[in-house]
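Next come two complexes, and both contain chain A; in the first it sits with chain B, in the second with chain C.
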Partner chain A sequence: MAHVTWRRHSDDLLEIRNLSVNFYTKRGVVRAVRNLDLRIRRGETLALVGESGCGKSVTALSINQLIPTPPGKIESGSVIFEGTDLLTLSEKEVQPYRGTRISMIFQEPMTSLNPVFKVGNQIADVLITHQGYSRKEAFQKAIELLDLVKIPAPERRAHAFPHQLSGGMRQRVMIALALASPEPGLLIADEPTTALDVTIQAQILDLLKDLQQRVKMALLLITHDMGVVAENADRVVVMYAGCKVEEGDATALIKSPTHPYTLGLLNSLPSNKKYQSARRLESIRGTVPDLISLGDWCPFENRCPFVQPICRTQFPPRVELADGHAAWCHFAGDLPAGDDLPAGAAGQRPNEGEG
Partner chain B sequence: MTDDTTLHIPEQSLFRETIVGLSKNKGAIAGLIIICLFIISALGAPLIAPHDPVRQVIEHRLAKPFTPSYILGTDDLGRDLFSRIVYGSRISLIIGIVSVGISLSFGLIIGTLSGYYGGWFDRIVMRLIDIMLAFPYILLTIVIVAILGASLLNAMIAIGISQIPQYARVVRATVLAEKENDYVVAERSLGAHDLELMLRTILPNCIAPIFVQATLGIGDAILSSAALSFLGLGAQPPTPEWGLMVATAKEFVTSAWWVVTFPGIAILLTVLGFNLMSDSLRDVLDPRLKD
Partner chain C sequence: MAEKLLEVRDLKKHFELSSANMSERSAVLKAVDGVTFDVYRGEVLGIVGESGCGKSTLGKTLLRLYERTSGTVTFQGQDIFRLPRKDLKSLRGRMQMIFQDPFSSLNPRKKVRSLIGQPLRIHGGRTRSEIHETVSRLMGEVGLGPEYGNRYPHQFSGGQRQRIGIARALALNPEFIVCDEAVSALDVSIQAQILNLLLDIQERHQLTYIFIAHDLSVVEFIATRIIVMYLGKIVEFTTKEQLSEERMHPYTQALFAAYPDPDPERRSERKRVVMGDVPSPIHPPGGCHFHPRCPFAMNRCRSEYPELRELKTGHFVACHLYQ
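Coming up: the complex of A and B.
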């Protein structure tokens, strides 16, 4: 192959280096992802956390070159998957990776399945394309996959159309589709549980975890729910306005969050303790800044309860706090810990913030 | 399983839903009956027609209708009108299928490529389509026939070509709407390439409006070919084509009303049948009108 190859960390499955993605709209250039670095090791679960519009999904779609171009454009960076830079590949060359080594699950199970085909046939089609099964074998295998994702009565469900299934069922079908590859390496789950209700969320996440161990694949879990992170992730990357703001092991990061944004996310989580004390659910005041008019300073300055003058002039450096745990904040390590947060600092809910 | 809310999967497909929807619609039933009669007479013409459609019996010329030997009377050359109309349905059916076949296949290719790829290709193609649409439809058809020469086959080709813009537009619009759906990205993420996405993912979802357009198109094509034959640019005598029958008999309209009336009614009913059908199909297939 003509493209450049890298070998650095042997246990790295995917390494994203210095990725920048822009969208050219009529209003101006939306800087969706800025100089992002990301590493996923074999078999691990990496959670990518952040609010809506933080560039999580754009990052995920960039891996496979699924960004709609135009208006999107990958400006710089490399996505090294098993030693190959996927961004240097042409559409034709990247296609063999899609659905085989890198699979995706989407947020909206209601609209992510083709409405005019039976779900069994949709799975079978993928098997025929990637593994050369005959139609009959493929349909049989599709039923097995539906069974694997714990759909009851899979022989009958294979004959159902998507609109005849509930949301949870459809998400299971989506997972079955992603598993219809010979050797899944990386599964990208883009908010797989957002459209589902809470009990089913837990089932789907358990299923993903179970399958991950069974087929030994890495999982890039994109979510805005810190609860999901705590339950499932090995490592966490918190994104804000297209940049990384904090990364680290899941347990360490949740135990001692450092960046004010991570703090805010964790404080916005409903918990039994809070309900007992009859406190209102907290939110981070303000909204994500307009990605068109971003300056070269800390993107969180307009919402940060601890903001200082320097935050409005300089982009914060990476501050290493512990092994593998780092934050991009001028005052990382100097901020009060999660529980000592001044009342209402990150959790103000006055009229000015619409959250 | 807590999410097992759909234990009983109702046996409903788009086909079945459509049939049920149509059976509740009076217009659809009327249209369907007309279309069925039309197709039966086209397929079984030799069995239904009592006489040879081109055999002239001069002593029986302009015989009055509603008699046992000539149900609808005879024309100025003594040919049985009923037999001619029955055989004419055969020609009309062929005209409908061939012209719609031509315009549909070109319209599908142009519309799908244009809608799927967009960009400069789409812009150029759509401006060409706009130019075609700027010509009055019948004028465009006449120009094409004039270039190709007057015959029934050329009339069909001309009608087919001049109908392409309508189909290309409908197909492009539906492809544009469908390609934004999540399942298209989802299937792309599963490794489907452009051709697969167009043919297997997007087009099956565009069938409803295309089908409606095609049904309407058959009626249109029959009407246009009658018009062309009437002008002498389509079927040539002694072909029992409805438009031609009206044209050749028009001088007897005052003395023998039936020679003009019955072929005219045949055209009217057939076109009405297809229009009723396509209207009802639109109602049944349009998801926005579903409850």
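Coming up: the complex of A and C.
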């Protein structure tokens, strides 16, 4: 297949255009990702945030063509990485990108590590395959990488099997694997610290930040945790039911959320300052819609406290609020500010149930 | 001060781990290693700590779901470990538990009505129509419409399953509920709904909660007093207000500093990250268990475990720095 070269913005490392991914199940077609555009700049940290089922992991897996097909299918779109559309590549052609230029780490490192090989050898294998090291050199380099990710006593740990390491250590090994490349371009971290204790989470996020500066790689950080976003991301994309609902600079977006979903998400956090004396949280009523029966209107209409008739018939346009800060809402910019939700939005009463 | 509902005195729960190698001595995991506190009627006592700190074991031992190794738990004047088995049943009606994943405790082949009615049938003394009526009331109370009664657990979302779990816990009119990571598996927006529901129910029935969670923001929101645990022991224990003002134990400081803060304005504040892993509770470090990770460790910390002392009224800390 011919490699299509696209003209690109010089800062862009990766650009996703109009990506749609469906899953064909017995119950029907699940619209996991719908018409998604995404840009990741060189060296930046982009957070993809949203709740379960919003399509953030599917988006990440699409980049490296890792969607299980069937049942999944990339229906449309392109993923342009340094001028090449990865989605037009064959399995064989995409292989050199996986784990070298574009690496992934997941929530549970144990499922990505081979339980019967020493971690040093697993890292060495990557170096041998992609960089032509000899076995001996590769093992030595693996120890250096373990040292780089701040594993204590790396010479000894290189001989350990994954089960002999703690969760935090395993995640460090995964990061070392991602760095076993002469030129790591993008690291996709899918809930990398969700399974870890909070003191270990802080260590891993610290390490990622540190490494990113050292090797100048971009980080696509997928998380449900707004705290992780606020502390680590340069830019944020908020997803809901397979769609992008808001994007912008991390600080600006969290300070002045515009889409009613982003607003609701931030208001649901018990750590929100407004709850220092309050005894109830402002939750979002109802539940996420079934991704099978989604229509071409606003995906948040059934839970939105500001819903109007147009929201139930038309998909909202992109509304640019400030430089790079945009929301997909018919009324973006015209909604009341964060603290003055209408009565119906605040503190859903239990007898309303869910959805 | 309100009435004491529960008195916990030097409670220990150790697990013997059989070793794979018969010649080796089996190891002992000191999951809960000598904790003492009181629970007052109507309060929400939060317990926080990282995995392996013993918070869940403590919760289960308080309800005698585990037998104790030593120490006492006195519930309204009765030592629950001295109760004969037959009296345990009525005790269980007054003390209930809500788990992280109710799905694993719900029989997948029973409909929701039957699941919520199960505790009522087990405890007996009610006619069918009484049970039917109670189940309907409970479903309303937790926000499950009557149309959900004939569905099976797999047809529900995580949040709705937790509502079923709460209805089951409420069925026998308990006074005391241990919520063990009750909202940890839920998405943030659903978590907020369930937290509100738990607070509504607490007010309506004047319940007392022990709320166990690893998420500090959840515990800080819901609890009135907070216990911080590390490797089987209480390291700090005080009111929520006092704790947000003054965190004294270096572990408490590290734990709260590590928590990712959604306020972007505090982003520039450089975090103090504690190094090292949580040690194995099977072979905890000698002396103060936290000393290998503690930035203030002194010689004394390596040899002697600091006693939990009341440094200010109602503020207990186990640390040599203050002794």
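Here is the rule we use: the second predicted complex is superposed on the first by the 331 of 355 C-alpha atoms of A that agree within 3 Å, B and C clash if a C-alpha of one lies under 4 Å from a C-alpha of the other, contacts with A are read in each partner's own complex, and residues count from 1 in each chain.
One rule holds for everything that comes next: a contact is a pair of C-beta atoms (placed from the backbone, for glycine too) under 8 Å apart; a residue touches a chain by one contact, two chains touch by 3 or more.
Nothing here was measured: the structure is a model prediction, and the numbers come from that model.
In the overlaid three-chain picture, which partner chain does A:156 touch, first (chain B) or second (chain C), both, or neither?
first
So in the superposed three-chain picture, is A:106 touching just chain B, just chain C, both, or none of them (first/second/both/neither)?
In the superposition, A:106 touches chain B alone.
After the superposition on A, what does A:66 contact: first (chain B), second (chain C), both or neither?
A:66 sits against chain B, while chain C stays out of touch.
Report for A:98: first if it touches chain B alone, second if chain C alone, otherwise both or neither.
Touch partner of A:98: chain B, not chain C.
Of the partners chain B and chain C, which touch A:169 in the superposed model: first, second, both, neither?
Both partners, chain B and chain C.
Which holds for A:305: it touches chain B only (first), chain C only (second), both, or neither?
A:305: touches no partner chain.
Tell me the contact category for A:269 with respect to chain B and chain C: first, second, both or neither.
second
Please work out whether A:116 is in contact with chain B alone, chain C alone, both, or neither, and reply first, second, both or neither.
It touches chain B, and chain C stays clear.
Give one of first, second, both or neither to describe whether A:125 is in contact with chain B, with chain C, with both, or with none.
first
Can you list the residues of chain A that meet both chain B and chain C?
Touching chain B in the first complex and chain C in the second, residues 166, 168-169, 199-200, 203 of chain A appear in both lists.
List the residues on chain A that touch chain B in their complex, please.
Residues 61, 64, 66, 92, 95-100, 103-104, 106, 108, 111-117, 125-126, 129-130, 150, 152-153, 156-157, 159-161, 164-169, 174, 177-178, 180, 199-200, 203 of chain A touch chain B in their complex.
Going by the contact rule at the top, pick out the chain B residues touching chain A in the complex.
1-7, 9-10, 12-14, 181-183, 185-193, 196, 200-201, 204-205, 207
List the residues on chain A that touch chain C in their complex, please.
Contact set of chain A toward chain C: 51-52, 166, 168-169, 197-203, 205-206, 224-232, 250-251, 254-255, 264-273, 275, 279-285, 287, 347-355.
Taking the touch rule as given, give the residues of chain C at its contact with chain A in the complex, in rising order.
50-51, 140-145, 148, 157, 159-160, 163, 187-193, 195-197, 199-201, 214, 216-218, 220-222, 254-255, 257-265, 267, 271, 273-275, 277-278
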